[in-house]
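One structure follows; several queries about it will come next.
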């Protein structure tokens, strides 16, 4: 068992982390909003944590709080992401479909370029030597794991609640939802903020996990990855992001023996899954379940 | 930080040059978008493909990495011919992408989002195959690639110099030619009319006897041709920075079409020139932020006028 | 005889085309008010103006003396105005009962917090929502198909479901846009009875766009006739039927 954790601990924690990031895309999607903004908030949250953990002016705080500094970083990263998401989301969510997606892509790129150039973010080199919370990489399962469980529970509750219904109605037909008394702007922004806060907190948790943080943490292809996780796992089910991440994020590792070919296979999986699994894995499983009844 | 007239001229020329490449590249997106209503995320990969192809044909061998390292190609074409062949082969690549990534989805009537993922999968495969074949180091076109013509011309104005690189003139000439041909094709030929009909309403066009599938094929060929041509021109101009150099370009291309107006052909051209000029006029102190210019413009346009400069208004019928 | 809705010179201009041109009328509480006219006369546009889906180019709509024009659709719905759509705009990917639960949004208030922590308020609300949804489904005769996807229902059943959904808003005013479209004679008759029934049961005021003239004459207390965006007649069915301008609009001049 110990050997397994030694070899695969990092992978497992990464899978959990990737699932969480896929979920951050799932919430806006639940309200019908194709937002590719998660990597931006992920990077943002990570930078906040990295800066709080390394920069001198926070040293007295670190001495005072000890390990409690970490939860504080998460809290601040989450709150800051919420504010940023509100500011960006309010104008951007007036856009629909591909226009919204493009606006979020633009947002991520702009953040990335800014982070490459500011002193406080360490420029192109980034921030390194971020203090660890746990001794081994596997230890981080105690941060990401509970967060995943929490978010799964949150999704479960959301699905059956008034707010969740509002999201789904907007996704189905925004105009009709409006006519049925649901304020589309309010709920679209809410879904966007939830996704952003999650991404920001995951970012803050990931900074110590990865030990260094730089502009490569927040790129466009990351958001396409998360989108693929959600679509292939199943965009209508709360398990979708998890299933998709489990399959697609582990693929490069499982295929490691194939070395350079693994990304090629990853790409092929994307193509085949989008053609043959249009409702995602969760959808296909759902169909199997129904036909078995 | 006042700019004098010569500096202005230099920036302007640079801007027009890169702007016209953006325009050509963006047109590839626009053609597919007007016909199918989706963004082909594999366009950036075709851009890369075209660049490498032209390199191999013009220079006659591959570089030092990848499977084909050092492989000598038995022929070596002149630059214009390499450019053309590269573009044509890219067009064929475009058709392949349509067959593999888009057609199966169309026949199943899927969510357009899935087309996005699918084209992305194809892009991932393509870029990695390229990397496998030719490695990931930088490829620079040798300066004698144009044969006897000098790589750059310098004009003296007063005491200052304005540099016009040969490749910039080639880019400009090629772009104008392509745009003129494309404009003629779309507006004045039967093929063009059919394309516009399919873009307007595929089912009606089909009822009128137009073989919609065939025209979608033509469109993807054209789109790939344009993408590959753009890649070759950028590769010649700035060198090929590695198999992923099409990705950022691909994103900028998206910015260009939105700014110009999604689905608008003149919009793609205008958008390309606008971005090219905007990037060229970024003051030297802020050079690092040049990459963000296109996206800042994109974000601004989306907030103020989402239909872009020349797009149609986005009102919905209730 | 209270005036519930007061439309004053409502207009809508689409780039030069006057889809609705200075339309004024009043709707009395409790009546069934029909809106007829040839295709393209502007009836649905008028509904859209009244429910806020399309902004007015001119004029005002008053509801119980309060100004409705300029409010977004969700605020108008909150005031108690429900509607169905000409092209049926159900939430196709949701089940029948989910459609009805959704429409109770304005009559409930539980937020994210309550939903997550399953507070007493949220639990009580959910129970209520469930109960009302089942009742409404029973009323429209679809109780045994509650979990079925709305997309799988027949055209006629979808129309009934849409009315059920609108009723979930607990409206005082119900705007029905061609509810009988695509129905056969028997179904039309049932619908007529149904509409009379819900007016009684829920104390509704109903506005109705319909093409089938006999249905309108039978069901409505008063009728307004639109042609080319203009109101050409309003009154009780018998008078309207005899009105010269109306006959011309439908049949053309001699």
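Remarks
Each chain carries a letter (A, B and C) given by its place in the written order, and its residues are counted from 1.
Heads up, the rule we're going with is that a contact is a pair of C-beta atoms (placed from the backbone, for glycine too) under 8 Å apart; a residue touches a chain by one contact, two chains touch by 3 or more.
Everything quoted here is computed from the prediction, not taken from an experiment.
With centres computed from Cα atoms alone, the innermost chain of the structure is A. The chain with its Cα centroid farthest from the Cα centroid of chain A is C.
The geometric centre of chain A is 42 Å away from that of chain C, both derived from CA atoms. We define each chain's centre as the mean of its Cα atoms; on that basis chain B and chain C are separated by 50 Å.
One simple way to say how far apart two chains are is to compare their mean CA positions; for chain A and chain B this gives 31 Å.
Across the assembly, chain B contributes 318 as residues in contact with two or more other chains.
For chain C, the set of residues touching two or more other chains reads 53.
Annotation for chain A: residues touching 2 or more other chains are 175. Across the complex, chain C is touched by residues 154, 157-158, 160-166, 168-169, 171-173, 175-184, 190, 236 of chain A. Taken in their complex, chain B has these residues touching chain A: 39, 41, 100-101, 104-105, 108, 110-111, 113-118, 120-126, 128-129, 131-132, 247, 251, 254-255, 258, 262, 288-289, 291-292, 295-296, 298-299, 302-303, 306, 314, 316, 318. If you check the complex, the residues on chain A that touch chain B are 34, 91-92, 94-96, 98-99, 102-103, 105-107, 109-110, 113-114, 116-117, 175, 220-221, 224, 227-228, 231-232, 235, 260-261, 263-264, 266-275, 278. Listed in rising order, the residues of chain C touching chain A in the complex are 51, 53, 72-74, 77-78, 82-83, 85, 89-94, 98, 101-103, 105-106, 108, 110-112, 114-116, 118, 122, 125-126, 129, 165-166, 169.
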